[in-house]
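Only one structure is covered here, and it is reproduced in the block below.
As written, the chains take the letters A, B, C and D, and residue 1 is the first residue of each chain.
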Amino acid sequence: MFDTDELVINMGPQHPSTHGVLRVVLRLDGEKVVDADVVIGYLHRGVEKLSESRSWAQIVLLTDRLDYVSAATSNVGYCETVEKLMAIEVPRRAKYLRVILSELQRIASHLLWLGTHAMDTGAMTVFLYAFRERELILDLFEEYCGARLTYNSMRIGGLPQDLPPSWDRKVLEFCRIMEGKLEEYETLLTGNRIWLARTKGVGVIDGAEALALGLSGPPLRGSGVRRDVRKDEPYAAYDEMEFDVPLGVAGDTFDRYAVRMQEFRQSIRIIRQAMQGIPEGPILGKVPRLIKPPAGEVYHAIESPKGELGFFIVSDGKSTSPYRFRVRPPSFCNLQALPRLVKGHLIADVVALIGSLDVVLGEVDR
Amino acid sequence: MVELVLIPLLKIIVVLNATLLGVTYMVLLERKVIAWAQSRLGPMRVGPYGVLQPVADAMKLMLKEDITPARADKWVFTLAPILSMVPALVVYAVIPFGDEVHLFGRRISLYITDINVGLLYVVSVTSVGVYGIILAGYSSNSKWPLLASLRASAQLISYEIAITLTLVSVVLMSGTLSMVGIVTSQASQGVWYAFIQPMAFVIFFIGGLAETNRAPFDLPEAEQELTGGFHTEYSGMRFALFFLAEYANMIVVSSVATTLFLGGWLRPFPNVEFLSFLGIVPGWCWFLLKSFIFLYLFIWVRATLPRYRYDQLMRLGWKVLIPLAIANLILTAIVKVALA
Amino acid sequence: MITPTHYLLLSMALFTIGLAGVMTRRNIIIVFMSIELMLNAVNINLVAYSAQVQNLVGQVFAIFVMAVAAAEAAVGLGILLAFYRNKETVNIDEMNLMKW
Amino acid sequence: MAEAIAFYVLAACILGFAVLVVTAKNPVHSVVFLVLDFLCVAALYVTLGAEFVAAIQVLVYAGGIVVLYLFVVMLVNVKRPPEAFRAGGRHATLGLALAGAVLVEAAAIAVWSRLSPAAPASAAQTVPVSGNTEQVGWLLYTSYLVPFEVASMLLLVAMVGAIVLARKES
């Protein structure tokens, strides 16, 4: 009825399903989205600039606040970047532990994505189921480092502490539970006609365009592009792990969903291998007491749950803090596909698509 | 005088109070059942197992500041919740909760009234309920409620057609529009209409979900899409009225479904002799039990399914349910004529 | 005692109010609504006399009137929407062209 | 007595709401009054023993037609503020005068030509069923079958016409 004119509507920054403080200005023709404009910056805290006046060791805890639902992977990314700059050799046990923590973190992050994505499409039970399992991971992290959200769990050159006793048993127990619960989620969603109707053919993007838009992580792999930093440029101990890179075909919301669901299983697989093959030894490499990398610049990327998380750091070799610090946040790059994805779809698809891109505003705005 | 005024008045008071109490506890039941489905406990703080939670909720809503948005159409804004609450309550006038009972030496029928056009009355009165939603969306002077109210009215009007068509096929079976008459005809035919009209029953249930804005058709109040739907701008008692109306409508739909398809107050298999011991249980208990099963289904569905999209909802209504309902109606008519 | 004359007077008054609305209001939607009021006035008459003479034909005709009113409203509002889309007005005074 | 009270109350409501429909500044208010007016008319039908027509009145008029009006009014109102009721223009004076004339004329006819009370009841068709709904249904499907079918054709045509008219040209 209201099709005679376009309706401009503000979705966010206060909106239940923009996952934080994202603001999307939608131009609607009835219920159909004609155009979308993503407005970001509501959560900008100046992490990058702030890092330039903090010591190298202090920056680790700033990286916690980038992707706050996936702090451990950000920690790994930053520490490895500095290690690369300083050419520090990390002990093998530390590498394995980093893999385990990263993959646990990936599962936790994907669980949060699954819950909110399903919640956005109205399946509220999945949300609580996902949080139930995420709780187990948070408990594991709490036992390891004492924190449940911002772990500060890495140090340049290794890890702050070794595993607590019987932690490994609990991790394996979690893997066992998680596999059963995955079946539960898939029963509620994957075969559900309404879920299929809501996700299949929504927000289709092909591989070439996804690459052109700079997508990475599950959104890119959902379009069928084989790109995974863990495989392509292995870091930590990923070169010793055996795992598959799940790929989508159609590049729609359902494929992005399916890719992540497969990644749960791959993560469990990696955790099991790492727990099995974890060597004994020190957990912290030889690191000078005062961290002062040589002059130079470095870029290093890891595969965070959201995609390729890169750190670009310039050191002048004189001061005890970076000269220039820059993050390549996967959420930020993935988010720029949103206007392209939502065009021509309905409002309900907008929330489904924000969910399927899995953005965290802490990382987008930094 | 007692027969004409006092007893109906007492009945009205009892039904209204029972309804409002039922509605508030329906909210608690929903929270509890969904919580159990999601491996939570639900409300536990107010009273043992949270049984006093509805009281606390009611207190909160009553004491909350009643906000009218700036530049809202104040007059309509106040009227809208009333317009959605009143039809939901007025429908109870024709719902037969049970047969006659003897009380204080009088025969009292367990319905407020039995009118000749009972079913038509239900349909007409519920069709007026859409005004509350449209006017709420319009008068809030806010875009999200407006979008939601458009969705809501389109949805309600579309699914009303399918529902009414299923009702027609039930009327074809019973030969009467009176709610009591429909129950007694099920007794005389010895079968619940759910068994001879399974298609109508299913369509009615799906349509009922849509008519009451329940998941998976809860688009008009989809929090994740429309920040709360048509009652986004409402607070306090006016919001409570919308809330009560929604749950009252759920009870209406389940009561009507019970009456039309599950034999109302009749015991299961009303004409099977060796089950007559079931007759010990009074009729109104059967009625409440059957309605409760429906309400439970409503909650169960909400805990399980994702939400339809607007276009899918319309497609389901117009391209699936309405043709099926029409086909069912024609089939019923043909069979009825062939058998006659 | 309420006689048919009472109903007749009621329906006349309602009809007149509707007529006054048609004549004075410039918003075409309100004009439409006034026409509905007039149709209702007619219906009151039909039903009142049907009750008076114990003949249901009056009620049957009232139902036909409603069917026609529904048809009128649908087409009328359809035309109005089409017009509004082109001219951005609902003022009846500005609707003075057969073609544009 | 009760009948008289019901009639006068309902008549007052009907006329009052009708006046408000015509004079309300905001078309949305007009629509709301129209709904209330139609509900009162339906109540009047009930007092006349025409339950079926009353139910249809609520279902078709209040629940159907007026919703359509509300939609259109909202569409128009959203885009521009409601225009004030401009009484006193040349049109208005003329219109009110005409309406008054019609009222006087009709009232005169009504008063002078007192109906002979109660046309013979035998004129009613004998209908083999009882109950208002059944009787109306019987008449509709026997004596008035052709008009009934014509009316349904009319509705179909109107539906198609409305869709064609309201559709956006693409």
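Operating definition for what follows: a residue touches a chain if its C-beta (ideal position, glycine included) is under 8 Å from a C-beta of that chain, and two chains touch if they have at least 3 such contacts.
Keep in mind the model is a prediction, meaning the values are calculated, not measured.
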Where each step is a move between two chains that touch, what is the least number of such steps from subunit B to subunit C?
2
A-B compared against C-D, more contacting pairs
C-D
Subunit A-subunit B separation of Cα centroids, rounded to whole Å
44
Cα centre of subunit A to Cα centre of subunit C, whole Å, reads 63
Find the geometric centre of each of subunit C and subunit D from their Cα atoms only, then give the gap between the two centres in Å, rounded to an integer.
6
Whole-Å gap between the CA centroids of subunit B and subunit D
29
Which residues belonging to subunit A are in contact with no fewer than two other chains?
1-2, 4
For subunit D, residue numbers touching 2 or more other chains are 52, 56, 64, 71-72, 75, 78-79, 132, 168
Could you list the positions in subunit C whose residues touch two or more of the other chains?
84-85
Residues of subunit D touching subunit B in their complex?
26, 28-29, 32, 35, 39, 51-52, 54-56, 58-59, 62-64, 67, 70-71, 74, 77-78, 131-133
Given the complex, residues on subunit A that touch subunit B span 1-2, 7, 9, 14-17, 28, 31, 118-125, 128-129, 132, 188-189, 192, 194-195, 197-198, 346-351
Partner subunit D, residues of subunit B touching it in the complex:
73, 75-76, 79, 115-117, 120-121, 123-125, 127-128, 130-131, 134-135, 138-139, 146, 153, 157, 160, 177
Residues on subunit B engaged by subunit A in the complex (per definition of touch)
34, 37-40, 143-144, 147, 150-151, 215-216, 218-219, 222-228, 302-312
Could you list, by residue number, the parts of subunit C that touch subunit D in their complex?
1-6, 8-10, 12-27, 29-30, 32-34, 36-37, 40, 43-44, 47-48, 50-57, 59-60, 62-64, 66-75, 77-82, 84-85, 88, 90-91
